[in-house]
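In what comes next, chain A is part of two complexes: it sits with chain B in the first one and with chain C in the second one.
Up next is the complex of A and B:
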């Protein structure tokens, strides 16, 4: 007997249709169009595009700017994801131990999740302002030491910090909930056997937390590849030079600033393949991990 | 589903409304601040002056954003009748097939009355004028009288050599920012090359064919960029990134910097902030070089295709209104943009107002535009030029922050620019320069 609540297939279809339509219109259709455009040279104002085969791919792949922004994207993913998870893990471990203020911290740490990337970007622009911000006193002593407006490394660091800051809340929730599923008895038993706090983290909590850690890594990688757009657009516009032009921002500037729809579509396809490849590598790695459960 | 229905019905109502009142048109522009306010004033004045048409003026935040939105709107067949596009987009628009030349749409207007510098920028080889020059500006030198007077400088420097001497004096007197620039190619490349009679690309900056090649990385422009880098390193000039406000014009208007090269269109804001402390002069030259004309900057109004005759009539009426002498003079007085026609200039002089401080840019700007022209100072007709400006900024910033040598940065910018030109050529293969 079918375990159903509704009768007839049409009702199912009707109930599922809205979300399918949304996914189709806002995901599969644009992705399909990006694939399509990547084989054409598209005029900015429309009115005729010509088939150029793989020429767009050849152009993008031979462009040094594409590779440097891909490398920067990779570096950004590594840095932002690692710090975003590491700091969240430290906070989660602390909150899990039930030290004073941890109940409040659990609440407060989740709030930043509700702030849009662009707003965070604007706030951090003020915080890192070379004349008014946090490091302004440093500049008083050593003029020109800190200036993310013109120094590429400074600018890259500000975007990484902002991204880490936005990533922490979500990772924190996932990791904390993971920690809380670990049976208390295990920790207590270990403590009675004389295991130090650090020992308990290393030998009990971290191994039992691997599923959550893996999840946050996968999500962070995808997130840091496609998410920093709002930050970059408000904080650096990809500059100075192209030091903060990650691939996601380059696609936007090429497509909308420079009317290079074909190039932008081609890079979208390549970015998608890149992210998929990264995630596949991670799933490969995951197979090697033996969950201790 | 309910939401979709609501949206659908809202759209239906909206389109019904436009159909019912066909002479209700939109004009999109990119300016902000003092200039935006003046544009809105013109719209209100037009709507009040007659009852047949109604124009709604919509600000898009910046020239670049306005152009992006216009492209998207045109592709969706929702483009406004009138659209303000900036100088750099000229060739892209010319070949887009999305615009109708104003001289075709309004054949009875005496377009020859427009300043030569404006015409040459927006005219096809056949002599059609593509768009109606609107907020035309050019590059001038701004100085802060009070700051300059501190070290006994009474007049603005006419040459870069003198400018740097002055900068040194100012710096010694404790003024940290004698001169500021944003390093934008409109200032340091296009206007600089034009008034020094140098080309930035072969084929007379692209006027003679789509197969032009960038050439600015050798010669006087390259020397100038090297100098800017050396002067910045010596602390004699500042990039806008080194200033407190982060914007070269704001740095001048707040009294942080003593001099800037800026558009006449910024005069309204500068005068509002500094009053008669603002002194202006022709943009500096290098010693021993003959001065040629500067280019018309700012933007012009284009008629976009795909509209009904009634909408076009409304668009034309608004263009006629903006072209009126009194309207041009009023707009110039509020913003610092230049009167764009000979008759408007005559009318301004006849009105006896040309001596007023708010019209100070008009005579100077027109003088600068009217210096002897060469084949290379007509304008810039290079494809994907908006993107090239980004490339130029990006590469030269790398030189300013020490990532690479200036010459290398210029060579790289030229190389990437040439790739853009070749792709443009291919995108519009078969299209000839009209």
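Up next is the complex of A and C:
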């Protein structure tokens, strides 16, 4: 559709330019360069590169460290996305039913969205501190039960919890707005049909919430693949051992600590392909549960 | 007891603002009741309270002699047809109708038999596998009714079910609802703001005004013996003429002394007379027609009485009266209703 409001083609271009320049410099250019570099062997301190074809890919794909961090990334995506959505869904259902104090909760729940990942990481490091934090009393009774500095599973759990916590606000808003588009009379009709509150959630609200649930799952999957960098960097530095080294963190350490620029670029490309594949699978799933209003 | 409904001093307040004021009434088993009133009179709230979708603030509601005001909707044995149909968009017509049975754990075979039966009653047989979005307004309405009757409820509640249909369809559905009620015999409560629906469908009409019952009577009584000026002006199109007059024991006079009608009343009173009951062509009253509407079956004439008050006269088809003509007319004494000027309540028997 051609609009006549702006007559000159140049004005048109000038108005669109800023956002195009931003997207190009900070998205398409890096992505393109990562693709480019994944076929070259880059010198760590600059000054020339050598075309090596698929050698980088062969090297990365044969590296056990890559596969284990990809597995951890997958696990992390599954856990953080599921819990982030499940908890947000429970909160949204509660807020939608107009349960007492839900109005306050609605406001309070949205604030965490405005906090940077690194800050959250520092706060959670305190909360989960084995000597001063929330679980310190537990450690007094069962010494060594909780210590994310030593125990890899504990460390992984802390990062998952922090990620879930950051994910809830957005999911909550999306799901709550989705619930509120469901006409009140449908819920009343189901109540008249004899359905209990839980039955109404299962038979009426959840099926009608599918579009919003799908949206949150897609966004959560993309976010949990990329977002936890700030958390890992402040909370665990990928440790203990490699237990919290997700792919996004491995790319950073490989590239900027080990100066394996080509390897980092290659893993970036692979991570991107992985996320795309996951989202495509979800889109296939969505077609099966589609309905019309 | 059958399936009677009893309202015993039922009150409802929202945030301290009372919308239903201690309302009491009894509906007989199998009766078709219409709750009629202007918007905001509390009629839908009343229905929701019977259904259990809205809690009552005080009083009692009895269905079949059992107190139900503290029971959940599913334990009251009511089924409801909603204004916007409220069909589940993600279920087929069959699933929509059968949902209540499924929730109640009715075995699959019996379920299918009863769904087919309900669909047959509302003539929906061919559409069972469609989604509601593929149906027309009238068909959706049928699904909503089938969904309500499939459980064989004690009480059927209708919340303005015809207001989303176009005029022609509405007339057809009205007839079908009436026949359906005769066949099923469930006690039915029908909320509407449309007096024609209420008058044609219901055995008795409860006319609500601002959360109070103005009159609870048969359509005939509502029309011919209105209990108050509110009823008189709400029922009938065009509404009843209401004129402030003074009686001297033999005649009712306007403030300027003109005799409107012969009547034995003494003192100030509000005279009511239906436009179609005023006899034109003869009589002592003479007035000029200010405005004239030809409605085919009759003419509606706006005339001005002495003292400036205007009244409507419905003249029968065939009388040749033009706008700005002077006409003669009179008020037959037996057609006159008297209302207390202060309270608006009916004064003559």
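By definition in this document, the second predicted complex is superposed on the first by the 289 of 293 C-alpha atoms of A that agree within 3 Å, B and C clash if a C-alpha of one lies under 4 Å from a C-alpha of the other, contacts with A are read in each partner's own complex, and residues count from 1 in each chain.
One rule holds in what follows: a residue touches a chain if its C-beta (ideal position, glycine included) is under 8 Å from a C-beta of that chain, and two chains touch if they have at least 3 such contacts.
The model shown is predicted, which means the values in this text are computed figures rather than measured ones.
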{"item": "Clash or fit (per the criteria above) of chain B with chain C on chain A", "value": "fit"}
{"item": "Chain B versus chain C as contact partner of A:203, first or second or both or neither", "value": "second"}
{"item": "Touching partner for A:286 - first (chain B), second (chain C), both, neither", "value": "neither"}
{"item": "Contacts of A:194 with chain B and chain C, given as first, second, both or neither", "value": "second"}
{"item": "First (chain B), second (chain C), both or neither touched by A:186", "value": "second"}
{"item": "Chain A: partner with more touched residues, chain B or chain C", "value": "B"}
{"item": "Touching partner for A:233 - first (chain B), second (chain C), both, neither", "value": "neither"}
{"item": "Minimum C-alpha separation between chain B and chain C after superposing on chain A, in Å", "value": "49"}
{"item": "Residues of chain A defined as touching chain C within the complex", "value": "183, 185-186, 188-196, 199, 203-204, 207-208, 291-293"}
{"item": "For the chain B and chain A complex, residues of the former touching the latter", "value": "1, 64, 68, 71, 74-75, 92, 96-98, 239, 241-242, 244, 246, 384, 386-387, 390, 393-395, 397-398, 400-401, 403, 416, 419-420, 423, 426-429"}
{"item": "Touch list for chain C against partner chain A, complex", "value": "51-53, 72-74, 78-80, 82-84, 86-90, 99-100, 103-104, 131, 133, 147, 151"}
{"item": "Sites on chain A touched by chain B in the complex", "value": "18, 41-47, 50, 59, 63, 65, 131-132, 144, 147, 149-152, 238-242, 245, 253-254, 256-260"}
